[in-house]
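For reference, the structure I am asking about is given below.
Order as written gives the chain letters A, B, C and D; numbering starts at 1 within each chain.
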Amino acid sequence: MQAPTRSRRFVAEGVGTALLLAVVVGSGIMGERLAGGNLAVALLANTIATGAGLVALILTFGPVSGGHFNPVVTLADASQGGIPWREVPVYVVAQVFGALIGVAGANLMFDLPVYTASQHARHGTGQLLSEGIATFGLLSVIWGCSRQRPSVVPFAVGAYITAGYWFTASTAMANPAVTIARSLTDTFSGIRPTDVPAFIAVQIIGGAAATVLFRWLVPSLPQRSHDVVVPHAVDAAGRAPR
Amino acid sequence: MQAPTRSRRFVAEGVGTALLLAVVVGSGIMGERLAGGNLAVALLANTIATGAGLVALILTFGPVSGGHFNPVVTLADASQGGIPWREVPVYVVAQVFGALIGVAGANLMFDLPVYTASQHARHGTGQLLSEGIATFGLLSVIWGCSRQRPSVVPFAVGAYITAGYWFTASTAMANPAVTIARSLTDTFSGIRPTDVPAFIAVQIIGGAAATVLFRWLVPSLPQRSHDVVVPHAVDAAGRAPR
Amino acid sequence: MQAPTRSRRFVAEGVGTALLLAVVVGSGIMGERLAGGNLAVALLANTIATGAGLVALILTFGPVSGGHFNPVVTLADASQGGIPWREVPVYVVAQVFGALIGVAGANLMFDLPVYTASQHARHGTGQLLSEGIATFGLLSVIWGCSRQRPSVVPFAVGAYITAGYWFTASTAMANPAVTIARSLTDTFSGIRPTDVPAFIAVQIIGGAAATVLFRWLVPSLPQRSHDVVVPHAVDAAGRAPR
Amino acid sequence: MQAPTRSRRFVAEGVGTALLLAVVVGSGIMGERLAGGNLAVALLANTIATGAGLVALILTFGPVSGGHFNPVVTLADASQGGIPWREVPVYVVAQVFGALIGVAGANLMFDLPVYTASQHARHGTGQLLSEGIATFGLLSVIWGCSRQRPSVVPFAVGAYITAGYWFTASTAMANPAVTIARSLTDTFSGIRPTDVPAFIAVQIIGGAAATVLFRWLVPSLPQRSHDVVVPHAVDAAGRAPR
């Protein structure tokens, strides 16, 4: 059995990222509507939905496309000889396109306009430091787990983002596609469009730092880099994943 | 060792669905009673109980009957050559009958009448779109995981529904048997009987869409479709599940 | 390598049950103190601590003693030819004694008297039906999982009790040793001593019903009954548990 | 393939402990800021973030350094012939240094001064008994799981600390490096510097008690003590961990 075709992987990345954004944005709307003004309760709901949703979606789409759902992950993977560079644009387009579909879906499910620019200001040193650390941590988790114990990556990523929603001042977007899409909903999880570029810049820096660190920490990293996130091709070839 | 007999599978589907409904409805009653009017806290309790309960129940009854607890799952499985069509009515009857027992149990545990028609209105475009997306996602999770890594299905389904309670406007029933039964309790998780048919219609559409998508995404799907949800027959034959 | 000696298993059951009660009672006290009168928030804290604590404790002590922590589990196991009948009193004494130590530890950690009789009334049809269903479900989870996939028992039990705290009107004690010990703390998780005997009676009935059901559902149950809860003897013999 | 070099293990312990403190302290700040005065909701957020973060971080750094992040764990491991005594100071320095970096990171992400002495008083019999029991329990979980089923240690430790935040009066620091670092933030999770030494003393006593107990409970403990927390050297050598 061979690896899934490029069109299948494109669709899997797109549908998976769309569902991820529906989870992130939709649960933020529901949380804020029901929480009666207690923002901690709203964020708790948003957190639990996002962490659980990530576990389910990476388990579901990972075997087809790797379940990146995140341009920084795709870039980091390519930088270490994993996914071929020529496929990077395909993945990033699928991720951004899927994210835009997903935020529209969330807005429509809650009877809101398809897209509205967010007015939620997120800027300043603390916010940018937060996104840098958040993405550094996310890529550390992915590199650390995918090298040694790839079967736990979906659980580790879900757990990490669960923590990230609370331990960073920015709620750990750690994902350019997510950040862009979240600028198009004027709800709990939104981010002002003008704040997006700086977020993306520090996300890339944080992800690069983690990649450099783990290339040194785990010398065998490049040789196995086709296994990033979920060992898709290998699993599809019949190896029993755990 | 052979697969469990039909009567055992019927009873397992029925008892499992009864306990699932007891969890869904009972935790909604308890949450609403204790939450002092904060609906987000009530739904958080309802969510955590339902997600955790699903994990436990699929792990418990899955090895006997597959742990469908859901007519859409049973239909999707049969459509791909899994469970034989002649068994579908048996499963659906067990699911609906079990669900009705379960909601009665929940009402009685909380000293309420056995059955009361719900007055909780759930209708409109956002609600129906929510149920369609919710069921599309649920079947995607089941097809995606059960093909490649069946041992994680109970955890993936529990995690997905945990997210679904928050990211959809309808709290992701995604299950006709659950929807019917929830019309018979006038409590937190209820749904007005007149809103039930439209919910069931979009649930079937969403489930069918996911089945078509995954048949294309994972071409090996039909060949292994006896493994749906939990690889019951194979496990019963002695293969060590993980 | 042989099975752990009886004295080791006695101590493991006792220490494990003591820590379990410390978790159940202590987290109830902390939850009530901090929740500012919102009982749902207090119970949510109590639930998350108990569910997570159970997972950790069964994983820790299960390989030594089976991690029953519960006389109903021990009795059910013995009834199916698992643990020898002559060991049942040893286990039950360890469980009750450990539970009494644990509740004392919880009270002392929170600067309360070692023991105080609870004044928390829990009686009536709904409460007793709740305990019967709760224990039926708990034993179903244990029998269903331990027969087919013993490695998941700690997670399934933790998940089930997480659901049980909310879907039953009695917060699913489902355990005579826990029930007795909870009568000795006049805090959130307490139960009036006069309400204890009826709880224990319906717990035994519920557990017996689940045992009869699963003996029929899974015919291979008696042959493997030494594996109850956690396959201790077998694991100790070197089989790699999963 | 050989075990990771000492410098790699030093860096892994340091970065992992830094991220752990960022999670503990940062989520406490965020929780308190958003909870509108409800301390139970703030602690619930702090708990979920910490438990989930621990799972992710032990999975990530465990294969390199063992993922101790805790001087008591390192000392206990060395006492049983695991990590060589000459490496203990290296680990402890990395843990304390990393913890100090992490708390600074959390403070900066939330636009607070790098370090401020905490004024949060935590003393008295109940608090010290709590830390003793908390560390006894933590080391029990580590010894119990790492002997028999090392793959679950990250999940068991995360689950145990989730429970510990609620069942002890001290929120279960159970870790001298964490305790020292938490004295340098005047926020939700802080501890007054003058209260730190007594906490560390009872943490060591609790950890020693658990080590003595499990040396007796599991006689094979010393022979396999290189496996503490996460079987790093063995995994690095290519054994598929589960």
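Following the convention adopted for this analysis, a contact is a pair of C-beta atoms (placed from the backbone, for glycine too) under 8 Å apart; a residue touches a chain by one contact, two chains touch by 3 or more.
Note that the coordinates shown come from a computational prediction; the quantities given were computed from them, not determined experimentally.
Asker: Please identify each chain that touches chain B as well as chain C.
Answerer: none
Asker: Of all chains present, which has the mean Cα position farthest from that of chain A?
Answerer: C
Asker: Counting residue numbers used by both copies over all numbers at the interface, does the chain A-chain D contact come out same (over half shared) or different (under half)?
Answerer: Mostly different residues: under half of the interface numbers shared.
Asker: What's the rotation, in steps of 5°, that superposes chain C's Cα atoms on chain D?
Answerer: Rotating chain C by 90 degrees superposes it on chain D.
Asker: Indicate the whole-number Å distance between the mean C-alpha point of chain A and the mean C-alpha point of chain D.
Answerer: 27
Asker: What is the distance, in whole Å, between the centres of chain B and chain D, each centre taken as the mean of its C-alpha atoms?
Answerer: 38
Asker: Which parts of chain B, given as residue numbers and ranges, touch two or more other chains?
Answerer: 38, 41, 44, 48, 158, 242
Asker: Using the touch rule from the top of the page, what pairs of chains touch, sorted by label?
Answerer: Every pair of chains meeting the touch criterion: A-B, A-D, B-C, C-D.
Asker: Mind listing the chain B positions that touch chain A in their complex?
Answerer: 37-41, 43-44, 47-48, 51, 124-126, 129-130, 133, 137, 140-141, 144-145, 147-149, 152, 155-160, 162-163, 165-169, 213, 216-218, 220, 242
Asker: Which residues of chain C touch chain D in their complex?
Answerer: Listed in rising order, the residues are 1, 4, 8, 11-12, 15, 19, 22-27, 30-31, 34-36, 38, 41-42, 44-46, 48-50, 52-53, 55-57, 59-61, 63-64, 105-106, 108-111, 151, 158, 235-236, 240-242.
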